[in-house]
Amino acid sequence: MYEELRKSVCDANLMLPVYDLVTLTWGNVSGIDRDTGVVAIKPSGVEYTELTPDKIVLLNLDGKIFKDSLNPSSDTPTHLELYRSFKGIKGICHTHSAYATTWAQACREIPCLGTTAADYFYGNVPVTDVMTKEQIETDYELNTGKVIVERFKDIDPMQMPAVLVANHGPFTWGDNAAKAVETAMVLEQVAKMALGTLLINPEQKEITKVLLDKHYLRKHGENAYYGQN
Amino acid sequence: MYEELRKSVCDANLMLPVYDLVTLTWGNVSGIDRDTGVVAIKPSGVEYTELTPDKIVLLNLDGKIFKDSLNPSSDTPTHLELYRSFKGIKGICHTHSAYATTWAQACREIPCLGTTAADYFYGNVPVTDVMTKEQIETDYELNTGKVIVERFKDIDPMQMPAVLVANHGPFTWGDNAAKAVETAMVLEQVAKMALGTLLINPEQKEITKVLLDKHYLRKHGENAYYGQN
Amino acid sequence: MYEELRKSVCDANLMLPVYDLVTLTWGNVSGIDRDTGVVAIKPSGVEYTELTPDKIVLLNLDGKIFKDSLNPSSDTPTHLELYRSFKGIKGICHTHSAYATTWAQACREIPCLGTTAADYFYGNVPVTDVMTKEQIETDYELNTGKVIVERFKDIDPMQMPAVLVANHGPFTWGDNAAKAVETAMVLEQVAKMALGTLLINPEQKEITKVLLDKHYLRKHGENAYYGQN
Amino acid sequence: MYEELRKSVCDANLMLPVYDLVTLTWGNVSGIDRDTGVVAIKPSGVEYTELTPDKIVLLNLDGKIFKDSLNPSSDTPTHLELYRSFKGIKGICHTHSAYATTWAQACREIPCLGTTAADYFYGNVPVTDVMTKEQIETDYELNTGKVIVERFKDIDPMQMPAVLVANHGPFTWGDNAAKAVETAMVLEQVAKMALGTLLINPEQKEITKVLLDKHYLRKHGENAYYGQN
């Protein structure tokens, strides 16, 4: 059931070690079938070398797990909150990739310092507030989703497909599971180069709005002219 | 004799180059059979490409080597002191992995700056005191173990499976040899991200106790809910 | 038609992932047949794993594309401007390689801090001015070429085969497409080492003119004595 | 003729890309037969993928090349000066490896900050003086050897098998060509960790003489007890 969704989510999870975005089992990718509201996600604590489509867990947007499933990723409530709030997204990726996590640990947004970032992210990559005692103690994973959504109250998630959870690490999303993983990989490169840039020039400011518009909009939106139509 | 122990210790040693934790022969892993008190450890100066289970050295907790053995790792007295003092551990790993050693050389503990660290280490990863002239000149390797044990007089080694020996490098431990190596690999990632975090934000403080508890305890202890039971 | 040119340009593009200079499709290499003025360049947005010589796009120096071609790289107008202005070059490479892009994002030229750089670049690797609103809004890619050419008004491109476009990344060039890629790879190493050098010693100055002359001229120019004639 | 020497020198050169110590052809290794004074060295500008024992160049300590040879490495006069002055060494390696070169470019010796360094280098790894105009303009490569020898007037090259040539990069040496390459690899690790250590703690000082003695002498000298005799 939902073989195609499961396979695409499995394949996307298996890209994490290929792109060197995970250590051990520190990452998870999900996808959603928006017509039925069925979500597919990595099982908790399963090694990537042992991951097959039939182990991918199916559940609905309320968190009800299909019978005979493994335990889903412990971060599942975060994924579900994002799917419920960001209606346009169909895949989510969470990693502890080294450089993006480094920025998350520093509790700093990643400034948009070049066209590499501008090609994917329409502005600085935001960081959430540090979570409160109450948010951590009860429904922690759900509240992780809520602090992300709160951070996006004035940001369009379709133009900013990434966030850093303070003290924790990145979540990225996109049109499907594979795209969410690709964005996680881009974010890692952008995070690495941003750190280096500020080491060379601590005063470096974000690129101008006009350059940001040029690059973001030549790859996205109705007048995009990058690629083969 | 002790074929299974030897094989597990050999396999764990061979994971060091796979995880990119060693250069040349700069690392060693041991394991112990707690029922008999027999310790198995890497022989000194043997290349990983030539390491086989039959070359793993067997000795007891007093350092008495089984006959017809190779010389054990020169760090053996450190391992034995840890096994004698930390009764719950069954595997030990020592490396000179780049980032963990960098922190050890800086004589600084690694602050717990994010949930990646909190998933494995219940607080800051401690660094020992700099060893004294007397400790170095006589029974150096034994005293290396003693300064570690001294550093843990108020720390539970079961909740903090790693230490940095000042001016030297990391030791990690766990339920078995393989687990000690896994922890060495996690420590390396944590050390790398901690350095980057402080480069971005030199004022960054440790995560809160409540977040540390949440992450450490969701993977460890009786109420853990990560993985497939 | 132009099979040899297309193959050499395809091969050079395929060296980008081998040298770890590109993520996804963030790079493009071109070559020119100076006798006919025909330029061959990577198609836009095509994965390196799917790139074959027949997909390489042919066009002339005015940008007229041979019929039945894919869309050329969106950076094509930049390449063409460089070929029109720098008459001696026959291959161009553009990447977003991590360290060179980091310097470009910092809007800083890369100081010539050692003989590794001096062997390839006759002085500091220049960075362009930040582009103006007008340059970005209309004919952006063409103007990217123009700001490079403007930056070289007192620099010989045959002695300085690289530039950093501010806020963006590096362009390199040479005698053919393969040589342009090789220079991109050297630039990446030089950029990495320059960052490290200034972290160790923020006051470090460029090498002397006499050492620069010695190294650059022993590999280039009529009295070169490096290699096998 | 001298097949064994040539093969050992060829093999040692081929370890440079394996250890990730060279980019393109930026490195060279030599060996000497002390009985006959015959030196074998890499030919200039030859790719590692095309290097075979028969291409290794033979010459004597005065620089006289055996007939029908390729051109030797342009750094040959430096190697010869070191063989003439440091009578105990039998292999030399020169690279532009990233971190060691970074320190050379910073014109700073590498402080001995930990036991990893102390196991191989008996103190700080020295850096030469910046070369003068006269030293560069005439007999540059020979003078590179002379500034190294000058720097070692109070240092025993048998206890300090490495040097950084200011503005340039490292030379290492040892009992044979393979050992010189191994030391180059160790130096690279030590250089990387020293940079990180000072980023974490800019005030960090060298390890004590007693710890240096302990580590260096447990691997070297008559009372060494590391390895299998």
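Letters A, B, C and D mark the chains in the order given here, with residues in each chain numbered from 1 onward.
Basically, a contact is a pair of C-beta atoms (placed from the backbone, for glycine too) under 8 Å apart; a residue touches a chain by one contact, two chains touch by 3 or more.
A quick note: this is a predicted structure, and the numbers were derived from the prediction, not measured.
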Mutual neighbours - chains that touch chain A and chain B alike: none
Chain whose Cα centroid lies at the greatest distance from that of chain A: D
Same or different residue numbers at the chain A/chain C copy interface, by half rule: different
Distance between chain centroids, defined by C-alpha means - chain A, chain D (Å): 46
Whole-Å gap between the CA centroids of chain C and chain D: 33
Multi-chain contact residues (two or more partners), chain D: 199
Full enumeration of touching chain pairs: A-B, A-C, B-D, C-D
Contact footprint of chain D on chain B as seen in their complex: 23-24, 26, 43-46, 70-71, 74, 96, 98-99, 101-108, 130-131, 133, 136-137, 140, 167-169, 195, 198-199
Chain B contact footprint on chain D (complex, rising order): 113-116, 119, 182, 185-186, 189, 192-194, 196-197, 199-201, 204, 207-208, 210-211, 214, 218, 225-229
